[in-house]
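The same chain A turns up in both complexes below, where it pairs with chain B and then with chain C.
Up next, the complex of A and B:
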């Protein structure tokens, strides 16, 4: 194993173990989105009677949301873990070693990728258990897994950037409501074409989270929708790339190598 | 022994902390506004669902939910402050210094009321700008705010009981999750009559359902379940008051 690969592996393993050892970090991302989905699906089931609603099952419509909401938790987890490393001095000690900056970022994201995969599998199993029929079939489910991991990775990288900028776990927790705003001001509860309030539709249309939800939703209720998938994947990659670049720049500022 | 000096002292200190610290004030103010924006804006088409017959409109329908939610969470957020006071050691010094310790709970309750009054004022102004329709008379309006205020006290007494038993900020999820679930197992998006399945069964036995229905009916000027809602909330207040006072005794015993 090359030196860089060994560094990434060691940090990734540490990240995975740390996530697995903290039920408070691993369980809420699984349960909370599913609970919110169940409540919303039950409360808004009558929405499916609206003319033009794309499915007769609000549960199928709402199943896309946990995938993105779970990824928001990835942002918090990645950020909080790295912030703790900064606060405890672990990052400073690492800076005395030959650890490369990009290896640190890749390694830290290891736990988030694993958690993202577990989350996505959990949501798919829940969906299948409650009778949701995935319109895109088995291949669609595999695509959904890849997409969910990418979203977790991108949001996780953004969490790393926030941690490196603020250096405080409390500040990261304080940003959680702000990230939640992106979720609620999106097409999570209604298709954009059915939104009646113009300003809300404009915000949802400008909000990238709408397109991530719609990409997942297309695989569940539509089948293969090239436009929705392309928009979803491209935006996820753009967010991820941007976040990694920002995190790298913030890391170089924070690591005072001698 | 006089209770007021202790209660007013605790309330004054808590309110000073809240209103001079944006990181404490902002979430309790921003959350209701944000939910109001997301629900009233993003779900307005729900008003066209067959059977939805709330005359003042969907914005007003959601205002009632957010008002009750802000009241309940206003109490819970004050509970976070109690837990923080225990973590920092302040609450223990307070227990030593207070001649009447029940005044401590009363002081926190007073601060929760003032804090929520501020949130409710901002929320109402924003809702009026966004198209809130009030069809009820002055007596109805007074009634709906009074009912929400009692919910606020219930939220505080619940959170206070948890905070005094666990005495750590890590009790935060335990304070807010039951409140969050109770609120969302009520008819949040559509009236009770339009709910079906398990949520209908849960909502029917959920006391918050009748609080919401009463608040909405008073806003619409067509009162329903008002006496039941007041009775339920007063009953909860008695229960949670006993819960918080027992919590205080446990905190005293813990030293």
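Up next, the complex of A and C:
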């Protein structure tokens, strides 16, 4: 293994170990989205009777949401962890080593990928356990895993950017409600074409989170929907690329070492 | 294309620190470091002594490449801290003011992570980790999470991390602040051993006089960003020269008479609280005369002591203030 690869691996391992050793921050991202899905499914099940609703199982319809909500939690965790490193001086310790800046970002993202994968597997198992039939089959489940990991990675990179920019865990925690606003103002609870309130439909259409949810949802209830998947993957890659570039620039500023 | 040429520092500068006119100004603060010059020889322990906010940590941040200087030059291990940051970092180890450790990792996790990030070959990492943990007395606690460590254990782990890649120059920023006497002594022993046996150059900041006195070959005293005195502890104290005699009358009512008697033998010291003290004009040789004069006045004493000059006396002589409590209210590093 090259030196850079070993550095990335070591930093990713640290990130995973940190998550595994604090169950209080690892378990809520797994359970909370599933609980919210259960509540929504219980209350909104009758909406499946609306003409044009894409499935007769609201659970199958709602199962897409935990994948994206879990990724939003990743943003928080990744950002808060890095902000803590900045606040405690741990980043200075890393700066004094021969570590390259991009290795830090890659390592942190490596940890996020592992967590995102665990989350996605958990939601798939929950879906199968409650009888959701994945319309795209095994290949679709694999695609879903890849997509979920990409979403975690993109949102996680955004979390790293926020941490490097603000250097404050509290500031990142303060953004949590904002992330929820993005989630609730999306197509999480209803297909956009069935939204009757114009302003809500307009916001949901402009909200990128809708397209991420719809990409996941297409694999679960539709089968292979090229347009939904293309939109989902392209948006995720664009968000991820932008976030990584922003995080890299913020890291250069933060690591003022000569 | 010809072969690439790697410029290596000259032998005599390899472990040295050379600083000329180093300045650091902050946007919303004072000139934290105000044109300091210093030279630290290979294998030397240099004590950088000063109160909180004097500029010690800012100097260390610049010398360790974590903060660019506003002006001046500094070469560490023969490399320029501004132009050759990565090379400087390859030859230094640093334990900064806060022992920045991850509470969720074990001591062993920390050393292994540091070894990997410092580029040690895989085969060497385990051996080096075990060796360092043993050296700092953390073998038994190596697999415990750091959040359960005492302050002394954290500082020892911090030192181990600074040594992972066998640096030739070590920066220790207030390494014993907040430690109990036993932990402090253990750390001093290890630092002294590093310099004596391994030839490591040590740049140590401290606000403890005793630490500088015990450990340092030479001391630089910094106040308000400027070096106000520099030399070996002995030479600095010799510069002040004269010892002081401290006496405490048995009866409080005799205090004024004692002040009058002692005043015949030297300049009164004002920074003492209970005792009456004077700097002995004739040095230790004047002590018998002091005793005879007190006896002649029939002044019973509760306590009589002669004190050699301390580094605090040096600080007092150079700044007009005692080092203890001399730190300003805004000791923290200001915003960049």
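The criterion applied here is as follows: the second predicted complex is superposed on the first by the 258 of 258 C-alpha atoms of A that agree within 3 Å, B and C clash if a C-alpha of one lies under 4 Å from a C-alpha of the other, contacts with A are read in each partner's own complex, and residues count from 1 in each chain.
Everything below uses one rule, namely that a contact is a pair of C-beta atoms (placed from the backbone, for glycine too) under 8 Å apart; a residue touches a chain by one contact, two chains touch by 3 or more.
Remember, predicted model here, so these are calculated numbers, not experimental data.
Of the two partner chains, chain C is the only one that A:88 touches; chain B does not reach it.
Contacts of A:47 after superposition: chain B is touched, whereas chain C is not reached. Looking at the shared chain after the overlay, A:223 reaches neither chain B nor chain C.
In the superposition on chain A, contact is made by A:98 with chain C only, not with chain B. Using the contact criterion defined above for the overlaid structures, shared-chain residue A:137 touches neither chain B nor chain C, since it reaches no partner. Touch criterion met: A:17 reaches chain C, while chain B stays clear of it.
By the touch criterion defined above, A:3 lies against chain C but remains apart from chain B after alignment on the C-alpha atoms of chain A.
The contact sets of chain A with chain B and with chain C never meet. Taken together, the chain A residues at the contact with chain B in this complex read 28, 35-36, 39-40, 42-47, 49-50, 174, 177, 180-181, 184-185, 188-190, 194-197, 199-200, 203-204.
Residue ranges on chain C touching chain A, taken from their complex, read 64-68, 81-83, 85-86, 88-90, 92, 94, 96-98, 100-102, 104-105, 109, 112-114, 116-119, 122, 145, 161, 336. Taken in their complex, chain B has these residues touching chain A: 23, 27, 30-31, 34-35, 37-38, 40-46, 48-52, 173, 181, 184-185, 187-190, 194-199.
Of all the residues in chain A, the ones that touch chain C in their complex are 1, 3, 6-7, 9-11, 14, 17-18, 21-22, 85, 88-90, 92-99, 256-258.
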